[in-house]
């Protein structure tokens, strides 16, 4: 009597448990398009599968709170005592600006050197922080250089030392994305450029910055997707752990 | 004395009653941009015109509930006794994830073989389920292979048997849409690729996956519109009923 | 003492010898971007690997002649007696309009039924012929319906019988690509749409036809890349051989 | 003592009072981006300037109600007795589906013949009605042919007589927009094609239909902007009043 | 013993002999992508089918000369005496700037009034002449207003009388295409805008002019494809023959 | 014990205190993507750094009110007595239509001449006012010419005198953006064109106007980003202060 | 007897003789799409109309030579003695890299100050030279700063003095176009950015540089079309002659 | 007395002599858009400035030969004895497929490990070789894995060992670019993806591959511009020399 409503009950995920072995870092949960229940369930599965900590990206504040409720509910019930045990020894931290949700603690840095995250403007900080915090999650020490856009070039030039000490620089910029080119010309380490969707009109949600970065006149710049701070951090971390591959501490 | 408000009262639809004869499947209601009243009225007209069951696609949960109210209201009233009779012998089921509304029961499969729906990630499930359920509605047995994205290629390779038993594979993927190419290289049956709008930034709401699938290096892949799970199911069903054309059972 | 010129001598191809087993059709050579030498060499390798005939697509007339020279040269020399033997029992035919090069003879049709290739205008014929001849190469009987564009809709309607007898219709059209939609509404078998680059101005080299076909209001239409007559033929052939899979005659 | 808030008080419009003489039809108010107050004020100015009736397009239901309040308020007050008089002799009608607001009555048709509005699907009706009602406002008799999309081509062919009696056909379609081409091949009068934003994915909000219509293989089709039912009506009306130009009855 | 070369011998065209009856104008040959032989053959078929004259568009100078050779060869030989007779009574004229090839003489104007072709700059003349000559071919008197671009607005304003006497204005412009809007605001007859591919950089081969014309702030402007002078002429002619439809003189 | 929520506490901005010396105008706050707290804090820092007044652009009404609350709160507290003093001598004014927030008073004009802001339609006023008010903020006298779109060209021509007296004209238009070309042909001073996002369908949020302005057939037109009224004002002000550079009064 | 070939003989141009009075600079011939004959004829008309010198842009080397032949031929013949006289007192100079053709001598500079043309790379020189030479033609003193791309930022910073002395800087760059932003942050005068088509792949023929420049994070930057060195020079010259308007020396 | 032809004689380049110190690799000449003379001159300047070898990219065969002539001519003449000496001790080698011109010998590898270049198809080899040879030029040992496209996934899986031994993988693919995602899922080292312009129709000259790679579902993939084999090599080399920075042997 009334509409029969069928909620999907298909098994929705096949966690990739040996990714840590294969890729040097455990699986990360891409939070967009997943429900709070799905995020909590995948996180639990990964932790039960042996990952010491789990990162979920692109989690809005409201969903983060809902994930926490799911997580706590499981932890309290007797039915799943392992999850309860996990819940007790493991904090869940939400980094609001970066929209990151971390199950467990941040590890101590174990990379070969230091990563540098440079961001052009104040509006680019959410993406820059996604990169910086994800890099920390992956076991890297991070130096932040913020508000160093090229319209006031001296602000960037003043940071030459920090830039040159890095094993890899992540350059985060929206609008015309010129930061990547200027940084690329200043350093010898690899530069990973992250275009952001900051801007309006003909910035086309970050496409202009993306295209500009792909066409950088400086060699040694590669690019990730718009607003993909995590992706840049992942690759920078891979670069920063080339000498410690095989070692698994901190991950 | 206030504003005279004219609500359109034009006859809005000319149901295509002999489509079942012509195309082997009755008319399906595209729910987007139609009111609940329109959906209920077209469904009734089609059922009164002889279709044993009716499918409406792209119906949001709220609208589905409203359709059900319209449908029930008609069923209860004395003015339209046929509709009332129809309402009594016919359930209305709403598949929330797939946004499908089915008037009547799912038929028994009557195709030549089995269809396979493969989906890359958890976020692709709404589209995959639209395809799978629509295929079932059209009289097909469906095997679901979910979360088999190419970043963990072994997950897909483990499913080689299911893939090779299918009469047609529907490959559902967003982001870079690489699943279609890899599947296309593994099977000899036709592959219908469905790009999804899953992704962000330079995924352009599914355009990247669409383009990638159109450029698949594997032969034997054809493509439908972004998120068009139903369209893929319709063609896969046509392929799966080539030997039973003319027969009308189940449709 | 002049410029030292290094011509690449890298091994350029790893022919996929078990594709016939895996995909039901042997490997096809995509001629664009390959030299005549490369085409001849890959063809020889495939034939020596056991393929009874080889198809090369997108071969311009001039390159076709050059391939023939390479082929003959090998055939005449004593150094490669197997190639010489192959050369003697195997004709090389060039279909100019379709830009197809066939090593060996066309096989007898061994599919489940008949394929139909419908083309909108005279300018679409090169792509239509690529589809039709490739389908013949893959063991299909083909009916051609040409110059049946929708601006004179009666020309298409006059062909309703041929369309309805097909196991699959390949609809080839440029400009606004409306043929696919009208055909899609007339038949119950699957329709594979091939947009062509015919047109000018806002046809954008076939993009308009491609988009129109992807948005077809008729269900049961899937689409391949612009001018990809071969791809449509490949999938149509897969559809037309579903009942004879496993059998290898004719391929 | 808080924020000083400055509301713009710039003169915002220069009504074009002799447009009726110059263009054969008075000025029409484009409602989008204008406030209810602005719409009411411009309408009053135009009527005081001598236009017998005024049309405002793209007025959402809520704004229409607000316009009516502004209009009534002015009409009731003693300060603007002319507006009060106008308000008394003039109804304001809101056509909800078409989002049109009409100050005054619809005129009797005074064109040379009949206009025909053909629409492909139910979802295209808002635009089709904008065209049909605007044409009526401009003094034309209108025949409506709705739900005649090309996927069921016989529905359109059944209307051949109505199409051929028209002085001009307005063809309204979204998705792949093929209706314009088929209509263009059936009639000898001019065809004005209106692409609609109906569709999803690669329909790009109507761009695909727009491009398809611009590339129509049928001669004699011209195109207006996406969803621009009014623009099509305006030009169709100009075509339908070529013999009565100079006469001003009905406008 | 060399390459077997197969030249297509498929019947390539189904001339639409009753188009004149259906559309009020005979079939026109779109020359691009057709060989000289095909153009000559279709022209002969149309003339033998009763069309008093034939127009071929988009014929490059070299191809026009080749068509003439084909045409003459047929006329001279005894084997096809009808073609020979036709050839004797029928001139073939090539309009180089407009790339039009006319078999037979231009007709006397038989429209309801005069058409006006306005062009913005010298570089737009090829398209403007395609429009003007095609309109003459279709039985219209044409007034040409050239080099009246809006950067020197007085040049256009000086032509107000000619513009206002027209039954329809064809506005031809490249670059930013502003001519259409200004003309649209000056006249009461329909305006058909033809964007041209004149420009560079961000003119994108005419796309900018096309978009600008579609967004004209003046009502009563419709648009055809880039460089489609013929299409504009065809529709303008249809507008200019509304009162004489049925009569066939001049066509 | 519940979700640990980390609010970013990174230093977010490096105000560019010597920009006034370097660029002739102090730093302006781009309000989009910044919180009210950030805006207030940056404004305070700039004022404490010596700027006599501060402009924030793209501030929505709600955020403006929040900024005012932040500003007042600081002003009242004893902890930051300088800010309190600043708050007492400095008004905060919000220009709603232009979305501008001004800390301090508008200066007296100190430029070389007069700037002119011309806008095509009523819907373009928000951008036009952003330009006009920003120009006033930067020390310029401004003449406004509104609703002078080219569809009624005489309205623009009537303003020839005002246009010709200007040191620089800012031409603001959406839709097809033709205003820039016509103005560009009428004046000898530089014209800065501002495309607006006014329009629908193929206006693509201002892209069409942007492209049209970039392709202006009139020389002497340069273009800024869509809706960038401030950017146009900034450059126009630079042009209007070329003779007074070095002088700092009013800025 | 043979093809009748009609070469257009329409009057192709209406030179705008009072543009010098209206715009402060005489009409310039846009050479692309014009024949050598047309260029020579328009140049003669303008010179006979009183312009002391004429500039033609975008003239390829081959066409320039042809123009010179036309010009000389006219000069030698008795039929047009004025042209002959003109020819004698007037040199024709072709600047190959810039593709500029100048009839008459370059004038002495008569602007208010100095213009600066900064170019990012060697490949940008053709556009930079078009700008620099056109500026000289329009009566400006020009300082060239070439090969100052941002990948070696010190090269640009070394030129700070020249940049700051300019009345206007023209910034010419392809690829990611970052030069405009960095220059925009260094100077207080207006900056006109010229994107060039230098680059490959995702530079899209200059579109990336164009978009980047439109989104410059530095205020005070406006943009002209891709490769439009002349347009930038024209506006820069207008800026540089604001104080001498009315004076006509040098132009 | 004919045309005065001015060949540009502007100083065209400011070689960046301390780039080796700053970036760890000397300046590389981007050959496109430069003349043979310019390439030879810049190469000489760099070598005279102390670079032990010079690389020029994107040099077509014909231009390479011309560069060699310039180079030899200088070497023979007495006027520039240093250049002559240089010429004697330094070979110039042209790698045709990769379009690379190398002045001097390839260095011995001095990186931290091995780089791997994987390419999808035979047509991608020019770009793959540009990457591989440029990497060798920069002092890296390179392993080539060619023709490992995902349509025959086993070919790639067979190379798992080579992939996993690399310090960095460069994944080169056109069409749908899926190789990058599959590789990205198999390895733990950084992956740099190079989209190629291989493909047709909706591959849009490499844009589809570019977008697909940017949207890779595998983490750890960054992307360079279309066909930018050199750029990938440069960054991969930077990654491979992180431990040897400061050391200058081999570069």
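In this document, chain identifiers A, B, C, D, E, F, G and H correspond to the written order of the chains, with residue numbering beginning at 1 in each.
In this section, a residue touches a chain if its C-beta (ideal position, glycine included) is under 8 Å from a C-beta of that chain, and two chains touch if they have at least 3 such contacts.
Protein identities per chain, from UniProt: A, B, C, D, E, F, G, H = Nickel pincer cofactor biosynthesis protein LarB.
Keep in mind that this is a model prediction, so the values were computed, not measured.
K.L.:
Based on CA centres, what chain would you say lies at the far end from subunit B?
P.N.:
Between subunit B and the rest, the longest centre separation is with G.
K.L.:
I want to compare two interfaces, G-H and C-D. Which one has more contacting C-beta pairs?
P.N.:
By number of C-beta pairs in contact, C-D is the larger.
K.L.:
Any idea how many Å lie between the Cα centroids of subunit A and subunit C?
P.N.:
Spacing between the chain centres: roughly 45 Å.
K.L.:
How big is the gap, in whole Å, between where the Cα atoms of subunit B centre and where those of subunit D centre?
P.N.:
Chain centres of subunit B and subunit D, defined by C-alpha means, are spaced 35 Å apart.
K.L.:
Centroid of subunit C to centroid of subunit G, CA atoms only: how many Å?
P.N.:
The answer is 50 Å.
K.L.:
Which positions in subunit D are in touch with at least two other chains?
P.N.:
121, 151-152, 185-186, 201-203, 207, 210, 214-215, 219, 225
K.L.:
Just spell out which pairs of chains touch, all of them.
P.N.:
All touching pairs, sorted by chain label, are A-B, A-F, A-G, A-H, B-C, B-D, B-H, C-D, C-E, C-H, D-E, D-F, E-F, E-G, F-G, G-H.
K.L.:
Please output the residues of subunit A touching subunit B within their complex, sorted ascending.
P.N.:
Those residues of subunit A that touch subunit B are 2-8, 10-14, 16, 19, 30, 32-34, 38, 42, 58, 195, 197, 205-207, 210, 225-228.
K.L.:
Which bits of subunit D are touching subunit C when the two form their complex?
P.N.:
Where subunit D meets subunit C, its residues are 120-121, 149-153, 157, 175-178, 180-182, 184-186, 199, 201-204, 207-209, 211-219.
K.L.:
Taking the touch rule as given, give the residues of subunit D at its contact with subunit B in the complex, in rising order.
P.N.:
Residue positions touching the partner: 61, 64-65, 67-68, 72, 91-98, 121-123, 125, 129, 144, 146-148, 151-152, 155, 198, 200-203.
K.L.:
Considering only the defined contacts, which subunit C positions touch subunit B in the complex?
P.N.:
22-25, 28, 112-113, 167, 185-192, 210, 214-215, 219-225, 230-232, 234-235, 238-239, 242-243, 245
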